[in-house]
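Here's the structure we're looking at; comments come further down.
By written order: A, B, C, D and E. Residues from 1 in each chain.
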Amino acid sequence: MNDMSDGYVTADGRQIGGVIMEMKNITLRFGGVVAIKDISFDIRDGEIRAIIGPNGAGKSSMLNVISGFYIPTEGEVMFKGVKRGPMKPYQVARLGIARTFQNIALFDGMSVLDNIMTGRLTHMKSGLLAQAGWWWTGAAKEEDEHREKVEKIIDFLEIQNIRKTPVGRLPYGLKKRVELARALAAEPKLLLLDEPMAGMNVEEKEDMSRFILDVNDEFGTTIVLIEHDMGVVMDLSDRVVVMDYGKKIGDGTPDEVRNNQDVIDAYLGVAHD
Amino acid sequence: ELVVPNLSYRTGPYAANGIPYADGFNDYFTLLNERDGGIGGEMVRVPECETAYNTEKGVECYESTKGDGALAYNPLSTGITYQLIPKVTADGHVLYTPGYGRTSAANGKVFEWVFNYPANYWDGASIIEQYLMGKAGGSLEGKKIALVYHNSAYGKEPIRTLQELAKRDGFELELLPVDHPGQEQKSQWLQVRRSKPDFVIMYGWGVMNQVAIQEAVNIRFPMENFVGIWWSGSENDVRSAGDKADGYTTVSFHGTGMDFPVYGDIQKYVIDAGKAAGAGDEVGTMLYSRGMYAAMIISEAIRKAQEIHGHSAVTPAEVRDGFEQLDLTEARLNELGLPNFAQPIQATCADHGGPGSGLMYKWNAADGKWDAASDWISADSSVIDPLIAEDSAAFAKENNIAERCN
Amino acid sequence: MFYREAGDFKTSYREDSQTFPIKFDRLRYYVVLAIAFGVVPLLINDYWANAVAVPFLIYAIAAIGLNILVGYAGQVSLGTGGFMAVGAYAVYKLMTAFPEVSIFIHVLLAGGITAAVGVLFGLPSLRIKGFYLAVATLAAQFFLVWLFNKVPWFYNYSASGQINAPERTVFGVFVTGAQTSAMAKYMFCLVMLTIVALVARNLTRGTVGRKWMAIRDMDIAAEIIGVNPLTTKLSAFAVSSFFIGIAGALFFAVYLGAAEVGEAFGIQKSFLILFMVIIGGLGSIFGSFAGAAFLVLLPVFLKNVLVGTLGWPTDLAAHIELMIVGGLIVTFLIAEPHGLAQLWRVAKEKLRLWPFPH
Amino acid sequence: MLDAAKTDTTLLEVNNIEVIYNHVILVLKGVSLNVPKGGITALLGGNGAGKTTTLKAVSNLLKSERGEVTKGSITYRGERVQEMSPADLVRKGVIQVMEGRHCFEHLTVEENLLTGAYTRKDGRGAIQADLEMVYNYFPRLKERRKSQAGYTSGGEQQMVAMGRALMSRPETILLDEPSMGLAPQLVEQIFEIVKSVNENEGVTFLLAEQNTNVALRYAHYGYILESGRIVMDGPAADLRENPDVKEFYLGMSDEGRKSFRDVRSYRRRKRWLA
Amino acid sequence: MPDIVLYAAEVTLNGLMAGVLYALVALGFVLIFKASGIFNYAQGVLALFAALTLVGIQKGQVPFAHLLNAMTGKHYTNFPWEVPALVAILLAAGVMVVLAIIIEKLVLKHLVNQAPIILFMATIGMAYFLEGFGDVMWGSDIKTLDVGLPQGINETIDSVTYNMFGYGFFIDNLDIVAAVVAVLLVAALTVFSQYSKQGRALRAVADDHQAALSVGISLRFIWILVWSIAGFVALVAGIMWGSKSGVQFSLSLIALKALPVLMLGGFTSIPGAIVGGLIIGVGEKLFELLIGAPFLGGATENWFAYVLALVFLVFRPQGLFGEKIIERV
């Protein structure tokens, strides 16, 4: 796959760009546990890249490496062609990388609206003193501008009616949606989704799929997706990385992966249609 | 009706000391009411207000009672005293702080409304020093004295005085602060054990006293050489150390024990009549006597005010005059059933500090009582007066007070 | 029935995010302001000012400050007493060193100095969390108290170690010292409180507030989203200490007039203010007011009832007062762990639905 | 699959219950269901329908979330259980596997499993044997037995939660979203385990599930819950054939499963994309 | 040997002993924190209450005498008997169990699953209540506590060290007793919490109330158990401290001495309490001796203990032996 230096065209005719992120020989250890073992793969501009694998394979850990929360024991992360030095997670976020979490990590004490507004943090400028002044210092105006963008996302994800609800009270599926909204609010280049559809029924998964596709489509946002629902993964993704016990056992288009014997043995159980 | 509020504390960290004091204070006024029908025919009302030794509550108590025609305040807390000095000055109430409070209030030229006779912290230090000098055979030259003190404004009071005295009399002074509350004093007492001072002086309060005496017993420091200021010399302080505390010495500005005729009256009119403030088992103890002393002075000042102004329902301002012209003679003390209980006081416009004398008491563990260990000793005013003048002048300057009595 | 949002449409985001979105609330808020500024000063006397109103106003400032740290940023602090002491000693040094400068400025500067100290003691919060941090802040409490007690420069070498507030005026009216009228004290503190509450409200409703809350609710996730934990936590410490410093300055200069550090700013104070914040409601400005009012009024009220009305002996009354206060605190926490503010919200929610349940 | 002999006695009966959170939020508006002994009963429904709430109402865990059952009754073996503590219920044989894992983070995997046996009195030997049984079902857990549960992956935690419940030797298990976050073959495996536990040990199951497809394959009877009300119920086989269920819960249209990529085309496009 | 070294050795030994006394108080905190994640501020008041009860029973005081007298106008103070120390201790322990049951019933039960800070505040409320209650029940005067423990300098150590170094070390007999008791307690409690079924349940409860409920752990039982043990530990601490200073309100303030110990040892570690206690005890005493007293004017112990703990924490945020704080997403 690495020979496609200048992108490719997907099955449904979308043009995929060059490599924006490359993982080179990543290894991650926690004491004795090796979560990731020497894995390399790349992510291309505009594609939907899935990571699949059995439980405990190291998928979430990989996402954590990308978002800077884990520092790989070995190997390097290249972003837009340059090696990414040791960075704090909040610095990574400012590069335009946003994510959702497997075990929902919303701010429980805040309303849905405020949660999504935090997503816009990296774009907001007014400091402490400006905030203290509010009307006279323009903080209020800035707030309104961003509020408008956030409202659009709220409309898009169809969560208008829960805008003011504290997120702690929401049912699981809606929380996942709010998390997605928060990530979208950052207008990221690269969006990392860790099991965004876990705990949803088919109808809701359809909704989520639609959102993901639309984001990818309209803004050209690159998406990395971890998901256990093979239907979703196979339908949505352009390329799939398969992990097992920290190792990469497959990488390719959904069709290639689906027919890879290693993948079938380790993960799918039976060949998926 | 005469109103003398009792800002007491029967809860909080210093409750054990506050209770007997408040009881003595109340019982004395009850006695006057029951036996004499009040003072000069006016009954005395003593509304009690709990401060828990907390300045804010103290202020609240002051504010809530002052509208009631209160004649004098006696909060038994240096912290509250400092809060109240400006307030009583502005409102015109007497603040009476025997043996505590702001030492330089002894200067009546600056502090019009505050009285702290018969003695203050600095007097106490001087009296103790003289007593120790006597024990040491007339000279403290080359001796070492350690001061174990409560690390607060109160505990630090004697330092200046003792430093002056050390310079003059040639002894070495070692300072050992103890932080509130003072449950752990290992370091201080190991230090005492090592540096082997000839004498230890203590300015403590509350649990610090008990622990210090216990630790001194533990390291077998000779109790006769361990002397406390009057706030470190109650039965509570020595009892928990048991028999070994025998010989611990304290200074007091009044008598204690059951030998005074007034106790007969208190028993008869107050306790047996079921009117006692407490359980009645504190009568005659050190702090009870002190509360009673304060009540006695206040009542005598009121009597004096009645005498000066010729009517019995005196006002707070008139009571101030009574305080200022108080003339407590030995004869009067005998009349009150308190012979040799205290030193005579002759207050003047300038002198709100009194004679500054005290006597020493030694703990008799076997009998569980304090035995007098000296006659009255007077503080060395040549050292203390300049210090008072200096401090009160600073206060006058800060607050734009013009000196009176000139 | 009149308490409804229906018919109260918002046409802009600005209106939607205002402090009191419901008209009736807004009205009530103006009425309260009018009474506080227009009516109370005329009625107030020494007792009400010194026993209730002034301590309430000052504690409310401190509670708002602490609420920012604990309620909004989630960093539990038990060093409030120490920080108030910084404010008090700062204002004392400033007042005596620069007598000609307005006390108003001194109080703000004292807040600034406290903010700096707060940031310093906030540094460990980057590593230490939860109760470990709470206990660690006690280091600040004990160290600061020790420092002010030990170094005579702080109390201008006064013989007693106490500090006394000199007399100062604002617009020719005494606001500190013995001659201050009840009304002047009250107004000075009220103005300060109003400013503080306004600033606190502004800070907590925008980005800064959201960063604080994000760190509080889930610090790791917040960091991954782009919140810099260093600046966020320290800014919370700074702002919180700023307010607490102002409260300390007022507490000493306007309310007490004289103070000794261990007594006036001991650990009990830290607990008291934390209590106000929690009883009132974490993360709520209104809660800070409610908590302060509750804990200032309750003891006074109980004392008046037990001693004044029922005529119990003071010690028994004091002990029973302790039991009642303790019991009420526990009862409140059980009834509504999110404090008076939440109780109020739930009541309003019920009112909004009334008379139809659900 | 549906063994008639096993199902004639009703073990758990939920009768028209209402649940209110925080005194104001009405979540369940009259839910009734019957769980027959020895059966697998599925509770289906979208997000926020009230599945979790129903299960918690049964296991009496609502109180700790400031929720309460305000109407209706719940009986287990004909006995009202509303006043019992959760611990009493576990002793009676009803245990819940909570949604979202809820492992004891600081305990190791093995200690987590052992807490499941807390109420058991049948001695170390039996508990050890069951521990082996759980490790047999979930070999992955055996590998991680000494790790702190807080550091295991999401799926591993789900296994721990399941295993822990099995350790109590229950009569009835309330399973809340067992398949969430599990890899496909593990989902099958878990349901196989459910099935074999049900068949071999006679354990009764009430499971709340989003994965309707699997749930209806393994369950005997199903209830569909929507915003706090039961909207449909019936034998699982019947439900699977119901056209509405097919459309909304199974994602099947007449011409088989439709692609997730296609859903976009038949839904209205959003305003802001235009 | 130079004088200062000998002296420092003596101070160190005494620091160790003081540390053990702190650890006794810290143990109570650890137990409750371990079992419920509650930071129990009332532990100090619990010690006071236990000691008051012990003295009250021993001396045959009439409980609530003051209240009764105020209401009836009578003068009850004491029953005409005294109770032997050992019996009194057992009875006092019994009272602590009853107290644990009441606390569970009236407070903890209603606060399941609440945020830690709320629980913390509830314990402060409890502390207020108990303080008032103790006062009403037994009166707020100072009481001497004597259950026959030896006090004062240990002669053997004094003379042995005197013969060896020409300088007799001072060790308080009471401290030696306390050390023995503390070590026994720590050993017993460690075994209990690490290796018993109840111990495991207790740690589970601390992690997640709801999950613990769901596997059938009775919070009620666990809480009563732990609070009873903590009450007993408080009684032991109350005896040790009360023998030194008499029993009075200030006894409850020993909690403040225990907090740095707790922080340093880790909130969840029983052995941590004792190790933390020793480090704090020695650290603060040596600092006072070598730096505090000569250069800083003394009385540094209070804050130094906290600062010392703080420094440790910066390197190990969970304390020396505390459970690692799990940070994952």
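What to note about this one:
Going forward, a residue touches a chain if its C-beta (ideal position, glycine included) is under 8 Å from a C-beta of that chain, and two chains touch if they have at least 3 such contacts.
This structure is a prediction, so every number in the text was calculated from the model and none was measured.
The fewest steps needed to get from chain B to chain D, moving only between touching chains, is 2.
Ranking C-D and A-D by contacting C-beta pairs places A-D first. One inter-chain figure worth recording: chain A and chain C are separated by 42 Å, centre to centre, where each centre is the mean of the chain's CA atoms. Here the CA centre of chain A is 75 Å from the CA centre of chain B. Mean C-alpha positions place chain B and chain C at a centre distance of 37 Å. Computed centre separation for the pair chain C/chain E is 32 angstrom, with centres defined by C-alpha atoms. In chain E, the residues that touch at least two other chains are 132, 135, 140, 297, 299, 302, 328-329. Annotation for chain B: residues touching 2 or more other chains are 10-11, 15, 19, 151, 179. Each of the following residues of chain A touches two or more other chains: 69, 101-103, 105.
Per the touch definition, chain C reaches chain E in the complex via residues 70, 76, 124, 127-132, 134-136, 138-139, 142-143, 145-146, 150, 220-221, 224, 267, 271, 274-275, 278-279, 282, 312-313, 315-316, 318-330, 333-334, 337. Chain contact summary for the complex, chain C toward chain A: residues 12-14, 17, 199, 202-203, 205-211, 213-214, 216-218, 220-229, 235, 238-239, 283. Remark: chain B residues 10-13, 15-16, 19, 151, 175-179, 181-184, 186-187, 190-191, 193-194, 206-207, 210-211, 214, 217-220, 236, 239-240, 242, 244, 274, 279-281 touch chain E in the complex. Touching chain D in their complex are the following residues of chain E: 112-113, 197, 200-201, 203-204, 206-221, 268, 323-324, 326, 328. In the complex of the two chains, the chain B residues touching chain C come out as 8, 10-11, 15, 19, 48-50, 52, 54-57, 59-60, 63-64, 66-67, 78-79, 82-83, 85-87, 89-90, 102-104, 151-153, 156-157, 160, 179-180, 277, 387, 390-391, 394-395, 398-400.
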